[in-house]
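Look at the two complexes coming up: subunit A is in both, with subunit B in one and subunit C in the other.
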Partner chain A sequence: MVAEIGPSNIESAFLLEALKKGTRVDGRGIYDYRTLKISCGPTYGLAEVQLGQTRVLARVSCEVTRPFPDRPTEGIVLFNTELSSMAGFGLDSSRSSTQEVAISRMVERVIKQSRAIDSEALCILAGEKVWTIRIDVHFLDHGGNLIDAASIAAIAALKHFRRPDVTIDGEEAIIHDVRERNPVPLSIHHTPICVTFGFFGASGDMLVLDPTLLEEQVQVSSFTITLNSHREICALNKAGGIPLSPDQIQRCTQVALAKVDEVNEKIQLALKASTA
Partner chain B sequence: MSRPDRREASQLRALNCSLGQLNRADGSAQFSAGNTSVVSGIYGPVEAKVYEEKLDRAVVEVKFRPDIGAPTTKDKWMESAIRNTFEREILAHLHPRTLVQIVIQLREGDGSVDSAAINATSLALVDAGIPLKCMITAATCAVLPDDTTVVDPTQEEIDAARSTHTFAFASGSSTGPLYVDSRGDFTMDEYNHCYELCALATERVLAFMRTAIEGKVTKEAKISAA
Partner chain C sequence: MASVKIVLPGDIIDTRREEDTTQQESNVEDEATVIRLGPGLVQSSEAVSAVTAGVLHSNSETNRWWVAGNKRRYVAAVGEPVVGVVVARHGEGYRVDIGSAHDALLPHLAFEGATKRNKPNLAVGTVVYGRVVVANSVMDPEIECYNSNTGKSEGYGELSEGFMFKCSLGLARRLIDTKAPVLAALGNGVPFEVAVGVNGRVWVNAGSVATTILVANAIRNSEYLDAKQCRQMVKELLEKQ
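Let's turn to the complex of A and B:
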């Protein structure tokens, strides 16, 4: 086996010909997600997502630290989304390509900047002690569309996580051991979920939802929309590629709205199953 | 003195494994003992970089990724320990000028992580079809402050222990261990006792691995025969 050299001309041509007839190489409809499996636990804050052939693992952990001096009443949220060699030979965080960096930044942005986690609720003693929540996303298998799988894993892990309970007694804070008092969930405002589309053809007139690795290698443009269950747009991301029309963006948004509900339901089921 | 999870002193936690779950990797295995869970992925034999290739054998590279946080020196140490253990047991002379890359991802850590990593890697190498001299199985022991010795300790037990010992043995070999890691204050008697307990424990792990591999091979034979 050699390092990635991209798809052959025959593969790309076949993919495009099939798309012109409205079918995809793996037999899906253009707006179909691959089989999505989410499993949480047993450790609190562990979520593993299998989206077709893509597999992502997310771990959430917490630590008591000092807050940032300019934000004394807010907790800290740290992200680590390294692409390791396990996901694909030659994929290494030490030689991260722009695409890999984009994936990491995207997942981080989606959760941090959309204020999904209530940072004020992470404060223990203003100016002195806050919770630092750390989210580690590990990519185990790169089968295409890492962003969607990673965002689902991250938010599922955050919702599954339990931090130690704290009692404030004046100037003192008592952090209870998890065996003394049940740990408590994080305060999460909403559930942002990324939905990625790939575009094909000279004017980007053919599109697919949830591209596989082959589709990602052939696509001319990519567009990710992040929505939550309240039908709010948390983020739009279209970095480079051929230009798209506002109509196409609208169409994608409508499709994504329906898909986000399905994904949310699956996350709820997975969370319920883990506590059963 | 009873253990927090009510196990016997020489009782392993519930073992679980699954092979070949990853699509991109040539071979993979997930191994878990209780709440300690490790995934090992193998790429190989693949093209080695010119500056790292060896003319007469395959080069073995190990990457160990912790579950939480960025890799630290502890993880680098684990990488080197696992590489040293497997380098001699892989029949590297059959694949000169190639690379066998072992990537280990810790999913959950609750004690005895190094033995879980070694066991997962053994299974993953078999799944990848990398030629091996033998199976390598590992087990960990801890000597507690009350002088009892327990097998497959949890993190809680390791934190309280006076010494911990991990042994890895080659299957079907009557010679000594391939890998030994002992930490803490201990006497030679305690060391020998741990050695014996781990040797017995690794036999059970080997039997478990054999069942798992036989199951996979039988299933594949059915599929290709159908």
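Let's turn to the complex of A and C:
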């Protein structure tokens, strides 16, 4: 069993030397995203995101269940991630590493706690039947920056998904088959997108947007900001690493605002071009 | 034999050639020709079947058949040059990660001019260029950083500057052939050193950081380009510099 090894001496040294000169080892600028490709379909709720070499697949499905007893009028949203050895060396789906748990919790928080999905709209009959929406995120290839790719895939899949139509007849709920009546989209309030930055150097003075796997292994600090197209901050995440100054946070926020608009446009184009 | 034959794992390979089939119908069974199976092919009783997905190749002179596939997970084979990273130091040698399922062993004395009193001292994280000596399914692989017959390093050993990146196994094999168009085109433009490991890792060292990044990106981009497109891509990269 090969554990995850760190980068070699020359890779870290070269990366830091290049950053001091303002270049990154793949030739990008420090505020450049890698090539982002989003494709939705062929079935409703399936979205694949390619961010450079990182590939993530998100799948949304639904099921009618009983609601939680303390929340009789709200639907349930379940979130699950899979990081297996297909994604990279040293990764194993049987052991959840701290990194996988952190990514999983981050994207789950972004979707659920920011109230992106309207859970009240998922209610069919209060106290008896609600929709349970299940989001499965599979990491196909780990090329760095899994959080951003996973958040884009999850929100694109949710916006692409269609659930069966329901009519309420007094105390009865009739769930229409998708062949009888067109399925309806979920009620999504807003589109949260995560933007991740990596920091390098003893005082974290060098930063990059969208770190690759090598950059993630060498960085001294990581910071993720989640914004939506209404310029609202949905979440901030900085777990460990060296401390950052308020100026650095401000700088990251400004850069992230511009990037989130670009990503949103790409999601819209992908939804329109979908084959479903 | 101009068509490209793509095989999938499990396909039975017909190793008779088109010129032979007409003769075989008329002649009695001649002495069986010996067929050498290279990577990607195994013999199960009488039939030859493919175990990797890829393009089937054959050499009519040596009667050797093999499958040229493209993956990213390396399986060690004897005699292949590999780029490894030292992950641990033991009593008898170093443990080197070469990208295979198990780490390889690099003995302390497997370097040019190494004696019990004069051994190289490699830190964890050092990049080395070596040759696979032992590789089979029951033992951990072993590598050496010199040519044990001549005792000379012949380019193997520690790689101390420059940059290393990963690529697919197919690209690495094409690069080992020194007539690889991307390396030739780059060589005309900028001076650089390169060490290619068939385990999908390439080490590059050019004079400056910018040139090294340019060479690394050119090699990475050349995966799906043919010779003409490679030269065009390198030309554009050199002009932008």
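The working rule: the second predicted complex is superposed on the first by the 271 of 276 C-alpha atoms of A that agree within 3 Å, B and C clash if a C-alpha of one lies under 4 Å from a C-alpha of the other, contacts with A are read in each partner's own complex, and residues count from 1 in each chain.
Just so it is clear, a contact is a pair of C-beta atoms (placed from the backbone, for glycine too) under 8 Å apart; a residue touches a chain by one contact, two chains touch by 3 or more.
Keep in mind it's a predicted model, so treat the numbers as computed, not measured.
Three-chain overlay on subunit A, with subunit B and subunit C in a clash.
Applying the stated contact rule after C-alpha superposition, one finds that A:G29 touches neither subunit B nor subunit C. Counting the residues of subunit A touched by each of subunit B and subunit C gives the higher count for B.
In the superposition on chain A, contact is made by A:L46 with subunit B only, not with subunit C. Of the two partner chains placed by the overlay, neither subunit B nor subunit C lies in contact with A:G127. In the overlay built on the shared chain, the residue A:P185 is in contact with neither subunit B nor subunit C. With both structures placed on the common chain, the touch criterion links A:F89 to subunit B and to subunit C.
In the superposition on chain A, contact is made by A:N9 with subunit C only, not with subunit B. Across the options 80-88, 134-142 or 188-196, subunit B meets subunit C in a clash only at 134-142, per the superposition defined above. Comparing which residues of subunit A touch subunit B with which touch subunit C, the overlap comprises 2, 89.
Subunit C meets subunit A in the complex at residues 85, 87, 97, 99, 101-103, 123, 125-127, 159-165, 203, 209-210, 212-214, 216-217.
Interface of subunit B with subunit A (complex): residues 21-26, 28, 35, 39, 41, 43, 46-47, 63, 65, 67-70, 101, 103, 105, 107-108, 110.
Residues 2, 5-12, 14, 17-18, 21, 23, 25-27, 89 of subunit A are the ones touching subunit C in the complex. Touching subunit B in their complex are the following residues of subunit A: 1-3, 42-43, 46, 48, 53, 55, 57, 59, 61, 80, 82, 84-89, 134, 136, 138, 140-143.
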